[in-house]
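When the chains are written out, they are named A, B, C, D, E and F in that same order, and each has its own residue count from 1.
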Amino acid sequence: MSKLGILFFDGPYQKQACETVCKIASAALDKGHSVRIFCYMDAVNAVLEKQKKIDGIFNIEEGFREILSKGATIRLCNICLLVRGTMKNCITKEAGDIKKAGTPDLARIIEETDRLITIC
Amino acid sequence: MSKLGILFFDGPYQKQACETVCKIASAALDKGHSVRIFCYMDAVNAVLEKQKKIDGIFNIEEGFREILSKGATIRLCNICLLVRGTMKNCITKEAGDIKKAGTPDLARIIEETDRLITIC
Amino acid sequence: MSEEKKVVILLRQPPHGTLYPVEGLRMAVAVSADFDPITVAINDAVYTFTKDVDKTMYSTHMDFLKGIDLDIFVDKKALDERGLTKEDMVDQVEIKDHRDIVNMIAESSVTIPF
Amino acid sequence: MSEEKKVVILLRQPPHGTLYPVEGLRMAVAVSADFDPITVAINDAVYTFTKDVDKTMYSTHMDFLKGIDLDIFVDKKALDERGLTKEDMVDQVEIKDHRDIVNMIAESSVTIPF
Amino acid sequence: MARKVLYFISSEDITGVEIAMEHNVEDEVTILLLQNAVYFANKFNKSVSQAINQNKTVIACGEHVKKRGITKFISEKIKLITTDEVVDLIFENDSIINF
Amino acid sequence: MARKVLYFISSEDITGVEIAMEHNVEDEVTILLLQNAVYFANKFNKSVSQAINQNKTVIACGEHVKKRGITKFISEKIKLITTDEVVDLIFENDSIINF
């Protein structure tokens, strides 16, 4: 089994990136691969709590909770959260291995995974 | 004196739109015009509280507080906030005339202003 | 005053990948309470109205606009550039020459680009 | 293993209007602790390294990379297309032919596009 | 009846400039470039050069041009204005076409 | 030494396809189109058509193509794959070039 790193930059509900991240991560986890995700720039807002479910729209919070429950590791750029004022509103570690982190953690993900994809 | 409507779509710190909205609104208010702003899609996250100040970066929360204090009217798309999970984190009405609203409020802004610009 | 304003909802981005065209059509519906907006699709936004595209997110908006006789126009130039023809498009839209599309935009008093 | 990975930070967007190039350079700095990333500017990203552009947000990142001998390469083709010359660019960057730029990207094991 | 029409271009979508050039000749058309649209002002950009040759008025936001350091790469025929003047321009025109 | 290289293109930036075509011929290059990059698969797109003519392998995410309803506008030579197969493709290649 292999290790997949995923980096992305976009927040939820404006562009498709968050949904694609969830779907590729989910498929990789189902196949037994490990998945480590780094949320950079607006992408940190993908894991905010209390995202209201709306019919026909893929709920991004649920998508991330699902991959966390399947064992994905998620790291959130600290400064990106701070500057956006959303530091206190993220999915917490009860949901899985999700943590605030710095950019050096992306270097660790690059080092410790077999492939890194970015979803733009 | 005239009435300016402004519509925009982008959240803070990824693209320049929020900063441009603040600067044009501020200049218009200084000239004695009235300004009514509608935040649509990611733009609702422009007015979140607790945006940390970072040297060299235009602080978007402060920018919006300033134009509110100068008399700008700000309306936030309700559903856009709900779906993003940021309903409870916005600048409150103590800062000025800022309210959650529906898309029909944009129609009112179009009707009651002399010019509408969008900042993309 | 409100009757005089010509509102154009200008769709220019493709229907999936971003929420722009969906939000543009939602805006057209909202604005229709006070104005008679026309919706104009240029560039990749013409894909929004093909027969085969997934319209789950915006078919109700399209039907609503159709129901109150508000027009959706599609730029023929954009179709040609993509190899799309009249047969590929849904009935609710009207295909217009690029010249007419330009004039609609040029004559608007309020344009809202998505 | 980590020594073998060739990391390319690929800047492709202009330096203002979005925070992408700034964040890309911040990432290059961060990644430099474990790798020797090279930074490559193509398309509008070449404007990031002109003498006259406002570099307040990223000059420290540029200086840091220079200080530890990490290269920033700029695509000559992109300069030509924009009428920019070597004289317009800061000393910290090296201008390379498009063929060399392509090869750097092609030979990378990890590319991070901004 | 001739109107004054302002093309207010704040996105990296050249279509705004193209449509401005196709705008019927009776109207007085001004093209205003803001944010990353100011990069279109580069002399090597065909659409904007053509607009200038057609004697369309092309204006750019000076603050946005200066920040990007591109003053010397753009045509001298493009007037740079302040944010204050952007506000005046908005109200001087009869209608605004946003792109 | 020939390597298998995957151009993983998830943005509306045609440069990824162009660089893939300029990639040195010894390597085995695959171009994967995702999200709005699948619109590049349209037969009228010159870069992708040229890539196909050069016998580059061009693949698109089937779910993204189907949602956009563009199956009949794209070349038959473009293989559509599932998200599952996207994951396999990532690991089958020696390196990934993200665009």
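Criterion: a residue touches a chain if its C-beta (ideal position, glycine included) is under 8 Å from a C-beta of that chain, and two chains touch if they have at least 3 such contacts.
Just so you know, these numbers come straight off a predicted model, no measurement behind them.
Participant: With chain centres defined as mean CA positions, report which chain is farthest from chain C.
Facilitator: That would be chain D.
Participant: How many angstrom lie between the CA centroids of chain A and chain D, rounded to a whole number?
Facilitator: 26
Participant: Can you check how far apart chain A and chain C are, centre to centre, with Cα atoms defining each centre and the answer in Å?
Facilitator: Comparing mean C-alpha positions, chain C is 34 Å from chain A.
Participant: Could you tell me the distance, in whole angstrom, between the mean C-alpha positions of chain D and chain F?
Facilitator: 25
Participant: At which residue positions does chain A touch at least two other chains?
Facilitator: If we look for residues of chain A contacting two or more partner chains, we find 9, 13-14, 16, 41, 57, 116, 118, 120.
Participant: Touching at least two other chains at once: which residues of chain C meet that condition?
Facilitator: Correct list: 16-19, 110-113.
Participant: Residues of chain F that contact two or more other chains, please.
Facilitator: 11, 13, 35-36, 95-96, 98-99
Participant: Report the complete set of touching chain pairs.
Facilitator: A-B, A-C, A-D, A-F, B-C, B-D, B-E, C-E, C-F, D-E, D-F
Participant: Considering only the defined contacts, which chain D positions touch chain B in the complex?
Facilitator: Residues 16-19, 56-57 of chain D touch chain B in their complex.
Participant: Hey, which residues of chain E end up touching chain B in the complex?
Facilitator: Where chain E meets chain B, its residues are 8, 10-11, 13, 34-36, 63, 83-84, 86-88, 90-91, 93, 95-96, 98-99.
Participant: Where on chain D is chain A touching in the complex?
Facilitator: By the definition above, chain D touches chain A via 1-2, 5, 7, 19-20, 23, 26-27, 29-31, 33-35, 110-113.
Participant: Which of the residues in chain C come into contact with chain E in the complex?
Facilitator: Checking each residue of chain C against chain E gives 10, 12, 42-43, 98-99, 102-103, 105-106, 108-113.
Participant: Sort out for me which residues of chain B touch chain C in the complex.
Facilitator: My answer: residues 7, 9, 40-41, 102-104, 106-108, 110-111, 116, 118, 120.
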